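So that you can tell them apart, the chains are marked A, B, C, D, E and F in the order they are listed, and the count of residues begins at 1 in each.
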Amino acid sequence: MMLQESNRIGRIAMLFALADAGETLTTPLPNGWRYCTGKVGSMNSQKIVAAMETAAKSSHIIETDVYRETHALYHAIMEALYGVTRGQVQLGDVLRTVGLRFAIVRGNPYDRKQEGDWLAVALYGTIGAPVRGSEHEAIGLGINHI
Amino acid sequence: MMLQESNRIGRIAMLFALADAGETLTTPLPNGWRYCTGKVGSMNSQKIVAAMETAAKSSHIIETDVYRETHALYHAIMEALYGVTRGQVQLGDVLRTVGLRFAIVRGNPYDRKQEGDWLAVALYGTIGAPVRGSEHEAIGLGINHI
Amino acid sequence: MMLQESNRIGRIAMLFALADAGETLTTPLPNGWRYCTGKVGSMNSQKIVAAMETAAKSSHIIETDVYRETHALYHAIMEALYGVTRGQVQLGDVLRTVGLRFAIVRGNPYDRKQEGDWLAVALYGTIGAPVRGSEHEAIGLGINHI
Amino acid sequence: MMLQESNRIGRIAMLFALADAGETLTTPLPNGWRYCTGKVGSMNSQKIVAAMETAAKSSHIIETDVYRETHALYHAIMEALYGVTRGQVQLGDVLRTVGLRFAIVRGNPYDRKQEGDWLAVALYGTIGAPVRGSEHEAIGLGINHI
Amino acid sequence: MMLQESNRIGRIAMLFALADAGETLTTPLPNGWRYCTGKVGSMNSQKIVAAMETAAKSSHIIETDVYRETHALYHAIMEALYGVTRGQVQLGDVLRTVGLRFAIVRGNPYDRKQEGDWLAVALYGTIGAPVRGSEHEAIGLGINHI
Amino acid sequence: MMLQESNRIGRIAMLFALADAGETLTTPLPNGWRYCTGKVGSMNSQKIVAAMETAAKSSHIIETDVYRETHALYHAIMEALYGVTRGQVQLGDVLRTVGLRFAIVRGNPYDRKQEGDWLAVALYGTIGAPVRGSEHEAIGLGINHI
């Protein structure tokens, strides 16, 4: 059950989130893996969660009507938000806002088949006061089995 | 005080942390910026913090005998650890261990000089049970003015 | 000041919260103890707290105009919510909702009179996405001296 | 994907944890479900986690050499500990100790097969100062898909 | 880089926050130091943060258009709020409200010039249910380099 | 049940903790109130808690063999530590140490007798790296009914 060099799902998701418009990953995604990317900006943490859930479902990364898949994604999103918010998963309540690119990747990063699929949710963007320019970068990654 | 495209200090630090042996960044570091990278693995969070502080001081990223620089670095490290630990900054106490690559970058990411220097601390590696292979990836980023 | 087998206030409160309609506790409540039960469902954590405070006051579990009693109950409720929310006492902000049964019990669980009255707040129900069926169970217990 | 009345995995696990010596559950465990129970007492949170992981593996609730199963259990244990510790997953560090009964149950609580197996980890016992009698009850429940 | 007895910025800020109307500090503020005080009451944590940021800017404690100064103040405010809220930086969400006096002080508390300016944010007031009298005192202090 | 101006137990405790050697409070303690003060320094949070519990018991602020009094004090201490640690109640684990003066005050701060006694635990001192001078001030206050 070793992590495989070429299948590091978290690293791949983070490289997608960090990629600027026009940049592409130099390493191809492993066979059978799926991913989606998107952008979301808000002071409202509820909207951030909803935007990623919607993207994952409409891109068929997870199955909409299987709760275990929604549950796996939800916890991966929450873990990624811990990295972005660093202490309290709050945005507008403490007068800050985020602008984020996200990438959600699904695949088996281990060398044994029975490890099944895992999800990686990567976030990259800015966090700061609701004033243009008063912000710095923030990053988060959540990983879960599905 | 806009963040400059080519000077995104968090993105640069994260790309350093994600870089495998032999990989180099395609974009050069802005003039006058400094950085260091390293590796640390432990169940002991104290050792993780100490390893990064020691690296930053011995690489002259921060000035050893100026407390405000140590203070800035400490908080950037703690914020990066929130992303890695996602909820409680604890490792061995909750029976988990980490193996991390870190990158610490210092420079001014803004377009105005009076913003001065900032620090980015990026972490990439694995977290898991103290059993080989029972682990997944983890990422954290902390940013602070110095 | 030993906890008495038959007076385990937290266990009793939790059995009340777990009881389905029509089920009754097999062990009688100790002499002089008081309790109330109720239901509340919301994405709004403020409403959850308010529903329990109102029930405790209208059932005369606590005295309405004595602040120390309100203070004791408030902290017991918050501790029970930690168990239900597991990390951040947030519901709608992170796009989740709860449906809970609660039980509040007041009595002295210790073998010595000077320990006075204590409060147990038990919660049992479901937590999940605001989509029918996308939920799992959650439990919390808070205990405080009064 | 509704939770089934008779298959409420969290409620069942909690009733196991609450059961005194000699008490048995009145409702039989659903077909194909597995469970184990045990006791652990310590000021050392690492030992609490390890005791439950060992019990789950030696009772074949989870497969020892499949990481996704260990990962699912680990997060269920951590969530149960949030309920017991209510704020900071720390014991001896903040001068407190626990004595806990635990129950770990595995099965599918939903009405559709594709929801697969879930794990419930229930904890019941006491938490307090390392002085006999200076303690009150504590409860926690963690649930995860596996 | 020793803290100087007469320049303990946190102690000075807290004494300002504790001072009743008409009381004055017996020790003069060190040369070149700046401070402001104010009051704010709300169930809305966003308003608490905003009131202090506005006061600090309009009193010229920090420079409005330098992000590093806003960033330093923001983190000092958040740290002070941890002391007031003790666990979750939430007010109305968990049905509580605050009435606070605040003091923000800027100066160099160390004996060496290169430590530069630091900020102390002190809060003193009451926290409690949104019912007159159902409240107790709360205090917080945040300190940051600027 | 209003807080009385002259009986603000948190303010009084904080002024005790802030008082330098030789300074005395200008306002006398209300009739029947008790207090103790002390000092403790450590990287070990367990020792901080123990030092305050021991002081409170040996000064007869709380009754040693009544658990409800120990319980009230414990939670007041923990709340004061939140203010000092601001996020995670950890010291040595995250490579920091504290040197604190503490004051524990017991009395009824309200205008009605039935509010009974309350406890205030105030902490003032420094927190920082385990290097002389690499530290800044920190403050915490916890209040609880007893």
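Just so we're on the same page, a residue touches a chain if its C-beta (ideal position, glycine included) is under 8 Å from a C-beta of that chain, and two chains touch if they have at least 3 such contacts.
Keep in mind it's a predicted model, so treat the numbers as computed, not measured.
Enquirer: I want to compare two interfaces, C-D and B-E. Which one has more contacting C-beta pairs?
Expert: Answer by contact count: C-D.
Enquirer: Write down the chain pair in A-B, B-D or C-F that repeats the interface of A-E; the criterion is over half of the contact pairs matching by residue number.
Expert: Same contacts by residue number as A-E, out of A-B, B-D or C-F: B-D.
Enquirer: Distance from the CA centroid of subunit C to that of subunit E, rounded to the nearest Å?
Expert: Averaging C-alpha atoms per chain gives centres 36 Å apart.
Enquirer: With chain centres taken as the means of their Cα atoms, state the distance from subunit A to subunit F in Å.
Expert: Roughly 43 Å, centre to centre.
Enquirer: How many Å are there between the centre of subunit E and the centre of subunit F, using C-alpha atoms for each centre?
Expert: The separation of the two C-alpha centroids amounts to 20 Å.
Enquirer: Enumerate the residues of subunit C that touch no fewer than two other chains.
Expert: 1, 67, 71, 87-88, 90, 93, 110, 118, 133-136 - these are the residues of subunit C that touch more than one other chain.
Enquirer: In the complex of these two chains, what residues of subunit D are touching subunit F?
Expert: Subunit D residues touching subunit F: 87-88, 90, 92-96, 128-129, 131, 133-136.
Enquirer: Considering the complex alone, what residue numbers of subunit A touch subunit B?
Expert: 1-3, 8-11, 14-15, 18, 79, 82-84, 86-87, 109-110, 118, 120, 122, 124, 126, 132-143
Enquirer: Could you please specify the touching residues of subunit A with respect to subunit C in the complex?
Expert: That would be residues 45-46, 49-50, 53, 67, 70-71, 74, 78, 81, 88-90, 93 of subunit A.
Enquirer: Spell out the residues on subunit F that touch subunit C in their complex, using ranges where they run on.
Expert: Within the complex, subunit F touches subunit C at residues 1, 65-68, 71-72, 75, 110, 114-116, 118, 144-145.
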